[in-house]
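Below you'll find the structures, each written out as structure tokens.
Two complexes, one shared chain (chain A), two partners (chain B, chain C).
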Partner chain A sequence: MQQTFGNNIPTAQVLWISKALKPTVEKILQHQMGFLRVRYWQQDTTSVWILEEIGKTKPITIGVVVQAEKIADIKVLAFRESRGWEIKHEFFTNQFKGLYLTPDLHLNTPIDGISGATLSVRAMTKISQLALLFAQQLSISK
Partner chain B sequence: MSLWRWITKLHRLVGLFSAIILLMLAITGIALNHTETLKLDSKFIHSTPILDWYGIQVPTTSLNFSSSKYYISQLNNELYFQNKFLKHSSEKLIGLVETANYLAIGLEDSLLLITFTGEIIEQISMPNLSNIGYNSQQQIVLQQAQAVLFSSDDLLTWQLQTMNSQVKWSLATPLSAAQQQLLLQNFRNRILPLERFILDLHSGRLFGNFGVIIVDLSGIALILLTLSGCSVWIRQKLKRNQYRKK
Partner chain C sequence: MRINNNIKSLVFTLLCSPVLAHAMTVDELAAQFEAYKQQQANVLGKIVQENTQLKQQNQALKTKIATTLTAVEINTNAVETIADNMQASVGGWFERTSLGAYGELHYTNRSKEAGDHQEESDFHRFVIFLGHEFTDKLRLYSELELEHSIAGDGKNGEIELEQAYLEYDISPQLSAKAGLFIMPVGIMNETHEPATFYGVERNEVEKRIIPATWWEAGIGTAYKFDNGVSAEVAVTTGLNLNDDYDIRKGRGKVSKQTANDPIIAARVKYTGIPGLEVAASILHQTDMGQSSDNVDIGAGTLYEGHTIYSHSIGIGTFTGKALYSHWDIDANNSAAESQYGWYLEPSYKVPTDWGDVGIYARFQQLDYFSGSVKNYDIWETGASWWLHENVVLKANYVYKQDTLQDNHDENGFDLGVGYHF
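Then we have the complex of A and B:
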């Protein structure tokens, strides 16, 4: 958070997932949504999202910084699985930077996978799509 | 008895003997091939005789907290809301507070917010929690390590609570005998996934070593059937060719 906002970390806010938004969220997640609202921190066009998605059996906590509807940074905050930890490294996360959401809800560039970490890669890709979708919602609501 | 006649008889007997097991192997094999589509890993066996057969035991006690209308329980690593499974949680349950809009469930390292119908609203990371309660303004209060915190803005920020005497902490309360029995039954009904049962049926492990040997024998029977079947077919073909030449 400090890396993104410096010492002036904005107050947390919540985005409620409306009934209209729910099918889109579930389309990205490919399973039922396990939450009704998400927490975010926003300053100007930059927003930070901390989201969780199951890799194989345990949730992976990932922080995504979205700037002007493009991913500015993405980091694994907590990895609880025994395999697939390679997604924590910058050689992998760097490929998300600058990506945006296409109208069909995909990232504009496909993500190169890591053998043995398929499910973790999938979880990180879903979270990046979700963060971009939620950031879009903030722009729409304005 | 000639060798060929003996092989034909063996083929028939082995076929009859192994038909039931092969049928069972085929059906369970097809089911296991489509575990995700059939959602076998998220369906559970409820049959008491089968659960007894597996020797499945449940803990005799649970950790429970209640508000005026609602109660939450923890058994092993599972949380139950009104006796219905809510979610897995390795964090220890520390309390329950009811607000006008939602229920706040205190866990060791987080605060879980749910609706009155048991839908998860949000799980907020809050490390080292030991107590949850509410103050005289009906605001949620948390004890985090040595600090006592309260929130006045829908849990977005936390401030130090100075008048600790005004806090009413959530305390563990036992369930009634009927509720406890229902909880244990519901917990027991979530232990054995259908996938595990079908897998054990497929490998024969459901019946212990005896079952494994029977499934192994049916495998050997299938090899014998293939060999005897091929030899019978080859012999008939040779005979037919000889007859045509004559």
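Then we have the complex of A and C:
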């Protein structure tokens, strides 16, 4: 958070997932939504999202920095699976930087996966899509 | 505004209507004017009263809105607190326990060169995963499998415990495990959920040579470097080959398994470039017959290496897989001493509005021993359609050429459906 906002970390805010937004979120997740709202931190056009998604059996906690509706940074904050650990490293996360959401809710460039870590890669891709979608909602509500 | 207009109208009437002015006396006019003033005062009073009432109502509404906003804020905080507590709660064992599953149904249609024809339907695998996190660092993984639908005396299937091990994180990079686990070798040995591979049946090379799925009991440790290199070492129970030197049949499956001669297994894997995996494994067993006097066999070493590369090309993703595995066995039969196999598998997967669709081709070459030498070239091609990321429909064509015997080739097609979660 400090990396993104320096010493002036904005107060956390909450985005409630509206009934209208829910189907879109579930389309990205490809399963039912397990949360009602998400917490975020925002300053100007930069927002930070901390989200969780199951890899194979355990939730992976990932932080996403969105700047002007593009991914500025993405980091694994907690990884609990026994496989797929490679997604924690920059050699993998670097390929997310600068990506944005297309109208059909995909990232504008496909992510090169990691063999044997398909489920972890998929979880991180979904979280990046969600963060971009949620950041769009902030722009819309303004 | 209304009063001003009325006054203007009256004055205009008084001044401009000579008929009225002529007909009324000054007193009458004054009286009428007074009556009019009173009437207007009444109207004004009513307006003031209405205005006061409106102000009061407005104030009441303002108060009500403020109260409602406060109530909403209290409710929001309460819901968030409950949600936070639910997320943070780790009280019940079930909250640290995870359940998963996979299954695959196959239809096989084969014609042999000699004239035999076989059509078969089989619910090949029905698997349940159960995991439990005792602490953040200590966890259990288990996998229970029912093969071929029905298990029991005289039945085709069996119930197998494929994994049941404890894993402990010594540090974020270093972990240790103990129990019954899948050997660190090959591509499909550890990752074999149906939606993760092409073809209805698993490839023959890993099935016959490695032999996947291969699990043993033992201990192991793994270290993950930050540059994408990982190294794994394990000491486990070993294979127990009999005099037909069939590697696959040598699996004891940790069922009252003779454990005289262990296996030492080591694997190094590199996944430091997205889309690329390069791995090599060596497994060595001092006596492939578990020191039995009934079979003349000595040490055995398995060498395995594979590469997987995926990259987006055009609208889809290309993936290429290549694997080579080779057993070097000290056997009293020169034909059984070297058993090997390799395969190449290019594939291309595209996203569609109805789910991902992929096509593949695979060439396999096998040379192994099972009572006699077996040598096959297998050509295969097919397609997969992912209805959901974890649900797949498959179809493929196979041509299996027996390179040692005439009139023993076979060909046919397979259909399958698989799922995992």
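Basically, the second predicted complex is superposed on the first by the 142 of 142 C-alpha atoms of A that agree within 3 Å, B and C clash if a C-alpha of one lies under 4 Å from a C-alpha of the other, contacts with A are read in each partner's own complex, and residues count from 1 in each chain.
Criterion: a residue touches a chain if its C-beta (ideal position, glycine included) is under 8 Å from a C-beta of that chain, and two chains touch if they have at least 3 such contacts.
Everything numeric here is computed off the predicted structure, so don't read it as measured data.
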After the match on chain A, would you call chain B and chain C a fit or a clash?
clash
Examine A:117 and indicate which partner it touches, taking first as chain B and second as chain C; both and neither are also allowed.
second
Pick one for A:12: touches chain B only (first), chain C only (second), both, or neither.
first
Contact-wise, after the overlay, does A:98 reach chain B, chain C, both or neither (first, second, both, neither)?
neither
Of the two partners chain B and chain C, more of chain A gets touched by chain C
Now for A:109: first (chain B), second (chain C), both, or neither, which partner does it touch?
second
Is A:23 touching the first partner chain B, the second partner chain C, both, or neither of them?
neither
So in the superposed three-chain picture, is A:36 touching just chain B, just chain C, both, or none of them (first/second/both/neither)?
both
Can you tell me which of the listed chain C stretches (81-89, 243-251 or 369-377) runs into chain B once everything is aligned on A?
81-89
So chain A touches chain B in one structure and chain C in the other; where do those two contact lists coincide?
14, 35-37
Help me check something: in the complex, which residues belonging to chain C touch chain A?
76, 79-80, 83, 98, 100, 129, 131, 133, 136, 139, 141, 167, 175, 187, 190-191, 196, 224, 226-228, 230, 271-275, 277, 308, 310-312, 317, 351, 388-389
Which positions of chain A touch chain C when the two form their complex?
14, 30, 35-37, 56-58, 80, 82-83, 85-86, 89, 91-92, 95, 106, 109-118, 122
Chain A residues touching chain B - in the complex, by the definition given at the top:
11-14, 34-39, 52
Touching residues (chain side chain B, partner chain A) in the complex:
87, 115, 119-124, 154, 156-157
